[in-house]
Amino acid sequence: MSLPREFRSDNAAPAHPAVMAAILAANEGSAGAYGADKWTTRVQDWIKAEFGEQAEAFLVWNGTGANVTALRATTRPWQSVITSVHAHINVDECGAPELLAGVKLVDIPSDNGKLDPAAVAAAASRGVGFEHHVQPGVMSISQSTEYGTVYTVEELVTLVDTAHRHGLLVHVDGARLANAAAAIGASLGDISAAAGVDILSLGFTKNGAVSAEAVVVLEPSLAPPLKYIRKQTTQLASKMRYLAAQFVAMAEGELWLANARRANAMARRLADGLRGVPGLRITQSVDANAVFAMLPEGMAERLWQQGFNFYVWDDATGEVRLMTSWATAVEDVDDLVAAVRRET
Amino acid sequence: MSLPREFRSDNAAPAHPAVMAAILAANEGSAGAYGADKWTTRVQDWIKAEFGEQAEAFLVWNGTGANVTALRATTRPWQSVITSVHAHINVDECGAPELLAGVKLVDIPSDNGKLDPAAVAAAASRGVGFEHHVQPGVMSISQSTEYGTVYTVEELVTLVDTAHRHGLLVHVDGARLANAAAAIGASLGDISAAAGVDILSLGFTKNGAVSAEAVVVLEPSLAPPLKYIRKQTTQLASKMRYLAAQFVAMAEGELWLANARRANAMARRLADGLRGVPGLRITQSVDANAVFAMLPEGMAERLWQQGFNFYVWDDATGEVRLMTSWATAVEDVDDLVAAVRRET
Amino acid sequence: MSLPREFRSDNAAPAHPAVMAAILAANEGSAGAYGADKWTTRVQDWIKAEFGEQAEAFLVWNGTGANVTALRATTRPWQSVITSVHAHINVDECGAPELLAGVKLVDIPSDNGKLDPAAVAAAASRGVGFEHHVQPGVMSISQSTEYGTVYTVEELVTLVDTAHRHGLLVHVDGARLANAAAAIGASLGDISAAAGVDILSLGFTKNGAVSAEAVVVLEPSLAPPLKYIRKQTTQLASKMRYLAAQFVAMAEGELWLANARRANAMARRLADGLRGVPGLRITQSVDANAVFAMLPEGMAERLWQQGFNFYVWDDATGEVRLMTSWATAVEDVDDLVAAVRRET
Amino acid sequence: MSLPREFRSDNAAPAHPAVMAAILAANEGSAGAYGADKWTTRVQDWIKAEFGEQAEAFLVWNGTGANVTALRATTRPWQSVITSVHAHINVDECGAPELLAGVKLVDIPSDNGKLDPAAVAAAASRGVGFEHHVQPGVMSISQSTEYGTVYTVEELVTLVDTAHRHGLLVHVDGARLANAAAAIGASLGDISAAAGVDILSLGFTKNGAVSAEAVVVLEPSLAPPLKYIRKQTTQLASKMRYLAAQFVAMAEGELWLANARRANAMARRLADGLRGVPGLRITQSVDANAVFAMLPEGMAERLWQQGFNFYVWDDATGEVRLMTSWATAVEDVDDLVAAVRRET
């Protein structure tokens, strides 16, 4: 049997060779611990170039760490985080936000992973000033979303303005921000700082790093306690140069963009190939690097048997998620399309 | 000016080339996320070989993450953690144990970083069953300690037995367990599992890894919830193979031992060189890879000016810490000794 | 203008004279603090008589305290509490369960405040063993519910069995358990211990006490840490005799039942009077001591002007809640009915 | 055998008849829940009269609730609370501050329960700005202290100024503030608001109430979130009128002062009677309503046998605490003195 063809997760991809090279290059001599090193300094410079002079990055290892740190920085425990019912912070972090920030997550139904401004406004208006209810504190959105959809700049600005008008801070879970930026031809700053976002979880792990995420503080008044929050959230790296080196590699020649474009292109290619297959329905707009689909009865099993790896996203409906990454091979995409068409 | 000669921290050292090579070697093709990869499986095998069949490892990134995960697994929030006043969990984790586990740390005075069994027994006897007081839950010790001292196997067994007799679970903060094992010629298992320790933070970051720690569960009844606790503590790596690869490299040919021996030898060489210098007093037994000393008035400043990096450990007394690592150069040690003797 | 006629809340009612008399009677001489008094002993005896020999009560001041204590006793922070979207713990405790227990509340839609066994089974089956998801830990239901509806014994048994089969513990928020018992002619034990409930928040404040709630542990293995949990949740009363005396008064001659019957009867009388009023719709089954209704346009305002106190329950729909208590006057009910009919 | 003569705790005393009368008087008709009642309004007026126009009171049931609420209002979880090693918040609240506020308590040794300004300054200077260490946030002192000692106004002002100069907020645990005020002939405001204290736990339970404490916010910028913090800390009373009525009774004719004077006078009478007894040593200054003493060998047991109730405070030394209250009978004091002298 051939090697598995990988559509499970962008987390299953290896790191990009340039990232590896940067890690190796950072492995020379001694360096100050906890960020007192030249690589971390270079990351800060790049962050300011991308997000503006007021921006400050706090490097961490993973998305849960970034999200929890960001939420702790923007809430007090009697506040709530308004978010999509599908949000990673709501579903896939084993309750870390509730435990570490003490907050309640108020989830809003969503068909495509995006939040509707009217629903945010309604949620942000409930119970304000009423001591029995959690107080609306933050709106947290994912860009791109867990459904592979992307907010346009206009949608984003409308949403951020709605949140701000209701006194909410705005957090973006950007575990796949690069894919979103690539999708709509915007810069990373265009879809965060420029749109008024207050704090950002910026993730490069899925986009070709080993493990490299950051909390990017865009609203400067939030920055002073960040270093303590990161440390107390268990996310302060001692040998931080190796985290920083990954960001340096991603910044170099906009590797982040090339990787994201490639991942997105593979998803589009896959979606294009699948469209028109009888009994197969693509269920979400393929904006970034995921294809969600309903497969004909029994097809998932047959594809698994042929060595295609992917997940059933929704046990109730059988909807599957086909995820591409910077490392997805064109042949694997084409093979999957061919297999689907063969099995129909 | 020459390069700085590094005695600040074993965290300032680079990673060992073999660790780098292992990370690079792991960077091939796709791999299951979150530990469903062959490197993590190999780590589990090695863990069982070192610590016994009942042992189970949960890989994490850093010491704070390992310690908090271990304490959450062994306590309920109304319990206390009995530990040295100098313990890393008490001093250097920005209150993470209190926030994440909800517990109170009950600190015991100690001259050399080690706990005295009688003091543990006394602390473990206070307030038992009295609802106003936190209930003694865990004894946490560091091996080697924050003062570079090492418990002998006999000391360890006595302490563990004392703790168990008083109904405490036993946690070892082994951020430098390798240095302790090397110091007394024991295996990693001898000074943990065999001594009755229930849960262990096993750290390789300071000993030549990039970032590689583990919670090793030795008392099997503690294992079932560990995976949820690790995740919720923000310490679950998606691309875990790169964490695991570092352990694999450390296990290979007992690199962990060679590195620790080298670090310890450098500390002994430094201590031997410094002994007898007028006005200089080595304040702690140099068991592992640290030399604590009182320097003659003004010497610290003069050494810093000459490019030797090290910390004042205790602002009140001026006591300094001189830390060696696997990467410390013999010449740097000898230069430091020479500089001290010259400046006396 | 006459005095306001009170339909806002059973919290607005005074305490029953017999409760006051018991508090006064307890005010003699010194008594052991923190429950070491004869009144608390009498409460324990009564609890065992009502709920069985294995039952143990921990007196507290309020419902939030009882609920949080009970949830802390039955969960670990990576677990979830499956409950109705309308549950008091979900809506009206300012996020106290999330902060103090660290848990996530998983809310289930419900039209009438009751949980559907199938929905519980589905929620209890999601993500089990999957480390990214909170793990189902407890089902929490309210009896009577926030909508004044009451589970029959049969419904309750089915629900409890469903929960137990899925490995959940069962908590009942019994802030109005007396009203439920009175409604269906069951004993307090019939609708808790006998149905297999594991832990109960038993509330008498709304039923004629000043401030008297209890966590009643029905599953004995949950009892040992309860005293620490209560203390740490800030709910341990020093002069506990005054809390206990209120329970003693409630137990005496089954005052709790008489009060609950009276409150329920007032709600029925009100509902009977309102039925058939054009444009007025009673929206929930009037099982206990609340009437939920949609009033004709503008009627709420006109009733308020005439001195009737009540709340709009749902701002979106205008649905109102008319609450009765042990102290509701027949004339007030009849006046309200008359006013409604006059204003139609 | 006669009734026990009570020197265990001021918590063992009954409530003052005037407090009972006020509770009874409040039991008329309906009243707004959660503080929307006229008794609570009257308490606010009295608070402003005692502590200044800027002061605001949040009524709660017990000292743990008041202290935790106050600490949550003045800290973030990465901060520390600097306090005496003997402080109630450090010893006798089962770790509630750590769990609910997430903070670390940094305890300072003290012979008499009072904090030394130099020690506070030193603790407040450690680790500032260093991300590994908890950041000094609040100084919490008890007035009167757990050892029955009282800060003079001058001592208090010096301490508060020291704390403020180091950027700390100041919390006073005033579970026995009345006893302190009575002891030094100061008003309640003199030893709190006027001295610069930021937030106060004001306790009347031990001074003749049933259960009546308050968080008094003196620094107005701390007030806005207090109502949410109180609710989330489980300390919001639904039928608040009964809490408020107790404060009203205490304020009326300065009952709080009369009660405190009486309790203090009984302690002085007891101390005067015990002084000079061979082998008996009064170990603390008897400023308020407690006498701490070392008794001759075996005397404690003999006194218990004769029906005198009191606690051994320190198991290690055998030091006992003899506590008086507003209700302590002169004859009981004289009987105790006589018994001691007889047993010598």
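Going in written order, the chains are labelled A, B, C and D, and every chain counts its residues from 1.
In this section, a residue touches a chain if its C-beta (ideal position, glycine included) is under 8 Å from a C-beta of that chain, and two chains touch if they have at least 3 such contacts.
Computed from a predicted model, the values in this text were never measured in an experiment.
**Student:** What chains do chain B and chain C have as common neighbours?
**Tutor:** A, D
**Student:** Please indicate which chain is farthest from chain C, where distance is taken between mean Cα coordinates of the chains.
**Tutor:** That would be chain B.
**Student:** So how far apart, in whole Å, are chain A and chain D when each is placed at the average of its C-alpha atoms?
**Tutor:** Once rounded, the distance between the two centres reads 50 Å.
**Student:** Calculate how many whole Å lie between the centre of chain B and the centre of chain D, each centre taken as the average of the chain's C-alpha atoms.
**Tutor:** 42
**Student:** I'd like the Å distance between the centres of chain A and chain B, where a centre is the mean of that chain's Cα atoms.
**Tutor:** So the centroids are 33 Å from each other.
**Student:** Tell me, which residues of chain D touch at least two other chains?
**Tutor:** 34, 77-78, 93-95, 99, 102, 131-132, 228, 231-232, 236
**Student:** Please name which positions on chain D make contact with chain B in the complex.
**Tutor:** Residue positions touching the partner: 77-80, 91-95, 98-99, 102-105, 131-134, 315.
**Student:** Enumerate the contact residues on chain B facing chain C in the complex.
**Tutor:** 34, 72, 76-78, 102, 131-132, 135, 225, 227-232, 236
**Student:** Report the residues of chain C in contact with chain D in the complex, numbered from low to high.
**Tutor:** So the residues of chain C in touch with chain D come to 3-4, 6, 8-9, 11-15, 17, 20, 23-24, 27-34, 61-65, 68, 93-96, 99-100, 205-206, 210-211, 228, 231-239, 242, 309, 327.
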